[in-house]
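What follows is a set of notes on a single structure, which appears directly below.
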Amino acid sequence: MTLGFYPGCSLKGSSREYSESVLAVSKAFDINLEEIKDWNCCGATAAHNMNKELSLALPARILSLAEKQGLTEIVVPCAACYSRLTVTKHELSKDATLKAAVTEANGLEYTGSVSVLNIVQFLDKYITPNLENRVVKPFDHKVACYYGCLLVRPHEILKFDREEDPQSLDVLMLKAGATPIDWAFKTECCGAGLSVSRTSSVGRLSGKIIGDAKDRGAVAVIVACPMCHSNLDMRRDAINSYLGEKIDIPVLYITQAIGLALGLDRKALGLQRHFVKVTV
Amino acid sequence: MSSDTHHSGIAGLGGEVLEHTEVKVSHCYQCGKCSAGCPLSEEMDYPPSVIMRMLQTGNPVLEDKVLRSFSIWVCLTCEMCFARCPMSIDIPKMMDFLREKSINEKKANPKAKEIVAFHKSFLDSIKFTGRLYEIGLFVDYKTRTLKILEDLALAPKMMKRGKLNIIPELIKDRSGIAAIFRKSNKKNKN
Amino acid sequence: MSKIGVFVCHCGENISATVDCAKVAETAGNYDGVAFSVDYKYMCSDPGQNLIKSAIKEKGLTGVVVASCSPRMHEPTFRKACAEAGLNPFMCEMANLREHCSWVHEKGEATTEKAIDLVRILVEKVKYNHSLNEIKVPVTKTALVIGGGIAGIQASLDIANTGHKVILIEKDPSIGGHMSQLSETFPTLDCSQCILTPRMVEVAQHPNITLYTYAELESLEGFIGNFKAKIRRKSKSIDEKLCTGCGQCTTKCPVKKIPSEFNEGLGKRTAIYVPFPQAVPNKPVIDRINCTYYIKGKCKVCEIVCPTKAIRFDQEDQIMEVEVGAIVIATGFTVKQPDFFPEYGYGKYPDVITGLQFERLASASGPTLGEIRRPSDDKVPEKIVFLACAGSRDPAKGIPYCSKICCMYIAKHAMLYQHKVHGGKSYVFYMDIRAGGKQYEEFVRRAIEDDGVNYVRGRVSRIYEKNGKLIVNGVDTLLNAMPVEIEADMVVLATAGIANEGAEELAQKLHISYDPYKFFAEAHPKLKPVETNTAGIFLAGACQAPRDIPESVAMASGAAVKVAGLFSQDELTREPIIAVVNRQAPPVYSSCVGCFLCVSACPYQAIEKEEIKNRNGELIKLIAKVNPGLCQGCGTCVAFCRTKSIDIQGYTHEQMYTEVMALLNEY
Amino acid sequence: MAEFEPKIVAFVCNWCTYAGADLTGTSRIKYASNVRIIRFPCTGRIDYMLLLKAFDEGADGIIVSGCHPNDCHYTSGNFHARRRWIMFRSLCDFTGINTERIKFSWVSAAEGAKWAAIVNATVTSIRELGPYTEYKKVAKYPEKEVTHG
């Protein structure tokens, strides 16, 4: 089976292990992820902070390219890209003038027919039904599933899981053999786009997340967003200096954790690329 | 004969907010739940509910302060305020609008220099390559902010782990991307 | 030739601000058959009515059109004025220039044009009006009161004390309602049960009151003075005559872990149970859903221990029919379960409780015997947080209205906590303090000033548990929205007061209106607060909107007076807006062909068959005949009739076609 | 102002929609003034020949509105009206009467805002359709028609 695939910039650079693990898990289930040809950046936070039309035109181009390529369903593992693509679909569906302006700027036809799957939706639809039979090495650890912002909010547009105390990642991890803990920072913000420009804020926000996960006995944090991952993993020094202690709980992408449960090779899952050593 | 005359224009910045984002500032009844849930409100000069109140007054002096505030730049668009607002006010959407206006009117808060610089570097990176070129972004950002030393240790670590591309990923249709930027920027400046 | 009078009202400036009233009167004055036309500041005032009366007498008017407010407001007023001047009241019609015109359109020609059209329609209609006589119907002088909370109790006692019979039905095993659950009451802090239980006993002992607990309304038909109600008496599984209420069964019942409804889940009860010790009647019922016998087919411990052999496992629900002349609805309200507030963690954290649960904790008859102890570990909370508006004033959660009672009970809760837990700290997060009421504001000030309750203006964003504490994240909006984080031991949510589950169905059974939140609608927001749109059915208490005890009691007494007023008459007059089958001279006698489609259309079984006989007494045909006592005047039969033989007085074919034509001829 | 101002007749029941329109007034919600309300005891009373009569007399649009299902003051009049409307609509479609010109809805006594919205929406849609001159072609009545009963 073949599905469309939009990796986004992070998955080609600083979060390539996410891409590697998504592809590895898909391959294990005989799913071919076909990359959208000549895709561009979705514009991320910067675009919608600075220029509304640009923030819609860039994602619209991606969706148009997917349409052109004949893809009906695209997998978007990055939560931020997923959010931008879904918001764009929503905005363009309710405003014809905007849609016209965006199509004009892009010079590409846009119908909005492509459906956008986030990582959990993708796993739920294509992997979960057979997951339990395929688990060879149950991920037998206490994990804190961290959803962040963009996977679940705004609910009015994304209509995915629930805004408070979401459960979809927890359910997946349960099936992979883990024990998801009940904790308090599932959907609190990690600091997101301020990673570079205000590292101290990220240290504080991500620190609260890592701190709570540790206090409640988690041995790993499970994420589904490259931005969350880079803040929780790469910014660990800032986190530890905020908390005043050294916490070495690793942060794993959901696909890495599932990959481990499936018995896939650690290197194929990109675990060696983390800043915080993955010991689980 | 007149039809519904209920949605008569609201003057000032509140009116512009309504026009561009469908957010009606008068909907806010100042409960403060947005500020209570905002992860960054303690770093803001005016927490979200205070921004709403300033816009409600319609006072040009306060409106100017909003556009010059640090708050609008430190807002992460994490959507927590919108998710919990009892009046379903889309504050993040409003913040996007305020930021855009603040930039266009050259009122961006000096404290937000790094944040604005990062956004600009980010967009520039996409503008020229179609995708984010992280090293390029870093270099560009560092030049803009002269914060050469910060995060310098990060790059080699990333490099070691294969997390940085030395050569940018270039997409083919770069002129198409440039056109998108050109067209949406033109409209912006008007 | 008709001589019609047109009276255009300015309603102060309510109409004249947007409608040119003089022009309306002038235009109407030129219509055929209009003998008199005038505009006046206040038509409903005494001088205004006199204007109408003298015109009727002096000009010999045969019909009157009053162009003013909605007929739902003043039709009776003007019809009465006409009658006093000797004109049949049903020769008076009203054009609605206020609600349907001046209030909803801008000032301008188009609005005046519309006003003129509305007047013209009715001028033409009134030409086809006929003098009608009111219909007399008998009154059954027994009232049905639905709901045995404080409002129902008060209404029942007040009606019964006027000497009339009352049937009181209550869906729970005991009367008492929410008030019986409360600890102490604001603003006097007197004990709720101490003031309520004597009333409950009085109800049970009153010779004019028949009490049926565990009973609900099944269906209702009829009309004012003549209702027929079917009541479902749910099976209690005991013989009430034999049961002495000794309590052997409830002590011995092996199923002991059912969350007690009375204690809001904070205490437990048995499967055969009396909801609370002061219950009236103080006799148990078996909860069949939880009883081992009904689940597994064996147990019967209660039957074995019962000294009077009163247990009846095979008892069935009974449907009982009663005839009543008036109904008081006092079904009360319920509190929103705050599980729709996931950010506050109700249902997840045992120490996040509702206001009603706090009442049970503070009540001397409650699970902790009045000591404030938190549900999770029985510890006395050292820090407690109260959240106002948990659900109320929250359109995003579907409840935009203010529940009205919470500000006061929160102040009371915080005060009770401070009285009971010395050295404890209490916080109230609020948006506004709504303490309108006698001694209410003073009460809240006392909580703040004398008892040291900390009021923080701001709404809480979320609550989560950490190391056995509930972390409450709020802000102080009076301090530039400064973050306030409190590590509390217990949190009390002032959940919204909402309509009962099933309120909609009940309203439909009773044919009364309800608002978007399923609270029952009063007939007029100011002048008819206890009446409904259905004559003979009245409202008391929180089924109409969230209400506190004094208001519920006042409303109940008001409803009782309305019932007593109704029962002071032996006969009622009803508007003759009813259907009639035409009758003609022989040999046809009626154009009705006797298809009786109208019989199937009539929701009131008001259409009978009548034999038409010739002079020799031989049957010519069967035709329809309307029973004027049963017909309610909906007119459904009229639209059904193929031969246009049935018509409805006041809305005849002639009148309705004339209205359409009069409107469009000049529109 | 060259804009076409349609003539709209509203046939409403006394208990829900008439009262709802009263509430629109009490709430001072403004709406287009092109509508004239004719009051019936119940939508069950509305003989649909009246609708044809209205078109015949020059109405451009019609609103029929009563209580929500189950809320009828007389138990079931609105159900009869609805059922009759279904029949009537197919008859209209068959004879060529444009059913877009008839708006059938439920407005309760509590829905003042809804009433205003329905009137405005109807005015807008009828305005787009233009004057209903077509009707005269559909229904070639004799000059003088029996009007009553």
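As written, the chains take the letters A, B, C and D, and residue 1 is the first residue of each chain.
Methods note: a contact is a pair of C-beta atoms (placed from the backbone, for glycine too) under 8 Å apart; a residue touches a chain by one contact, two chains touch by 3 or more.
The shown structure was predicted, so the numbers you read here are calculated from the model rather than taken from an experiment.
Student: Please indicate the chain closest to the centre of the assembly, with centres calculated from CA atoms only.
Tutor: C
Student: Could you tell me which pair, A-C or C-D, is linked by more C-beta pairs in contact?
Tutor: C-D
Student: Averaging over Cα atoms per chain, report the distance between chain B and chain D in Å.
Tutor: Chain centroid spacing, chain B to chain D, equals 49 Å.
Student: In whole angstrom, how far does the Cα centroid of chain C sit from the Cα centroid of chain D?
Tutor: Averaging C-alpha atoms per chain gives centres 30 Å apart.
Student: Go ahead and note the Å separation of the Cα centroids belonging to chain A and chain C.
Tutor: 52
Student: Quick check: what residues of chain D touch more than one other chain, meaning two or more?
Tutor: 5, 29-31, 33, 116
Student: Identify all positions of chain B at which a residue touches two or more other chains, and write them in rising order.
Tutor: As it turns out, chain B has residues touching two or more other chains at 1-2, 5, 80, 88.
Student: Among all residues of chain C, which ones touch two or more of the remaining chains?
Tutor: 105-106, 110, 343, 462
Student: Can you list the chain C residues touching chain D in their complex?
Tutor: Residues of chain C touching chain D: 70-72, 96, 98-101, 103-106, 110-111, 114, 117-118, 121, 504, 507-508, 511, 513-516, 521, 525, 533-534, 577, 601, 603-604, 632-636, 638-640, 644, 647-648, 650-651, 653-654, 656-661, 663-665, 667.
Student: Quick one: which bits of chain C touch chain B in the complex? Just the residue numbers, please.
Tutor: 105-106, 108, 110, 343, 389, 393-397, 431, 457-462, 473-477, 480-481, 483-484
Student: Touching residues of chain A toward chain B in the complex: what are they?
Tutor: 9-10, 12-16, 38-41, 43-55, 57-58, 61, 101, 104-108, 149-150, 153-156, 163-164, 187-189, 191-194, 196-199, 201, 205, 234, 272-275
Student: Provide the residue numbers of chain B that touch chain C in the complex, in ascending order.
Tutor: Against chain C, the touching part of chain B is residues 1-2, 5, 29-37, 41-42, 46-50, 80, 84-88.
Student: In the complex formed with chain C, which residues of chain D make contact?
Tutor: Residues of chain D touching chain C: 5, 7, 9, 14-16, 18-19, 21-26, 28-31, 33, 36-42, 44-48, 50, 53-54, 57-59, 70-77, 80-81, 84, 108-111, 116, 147-149.
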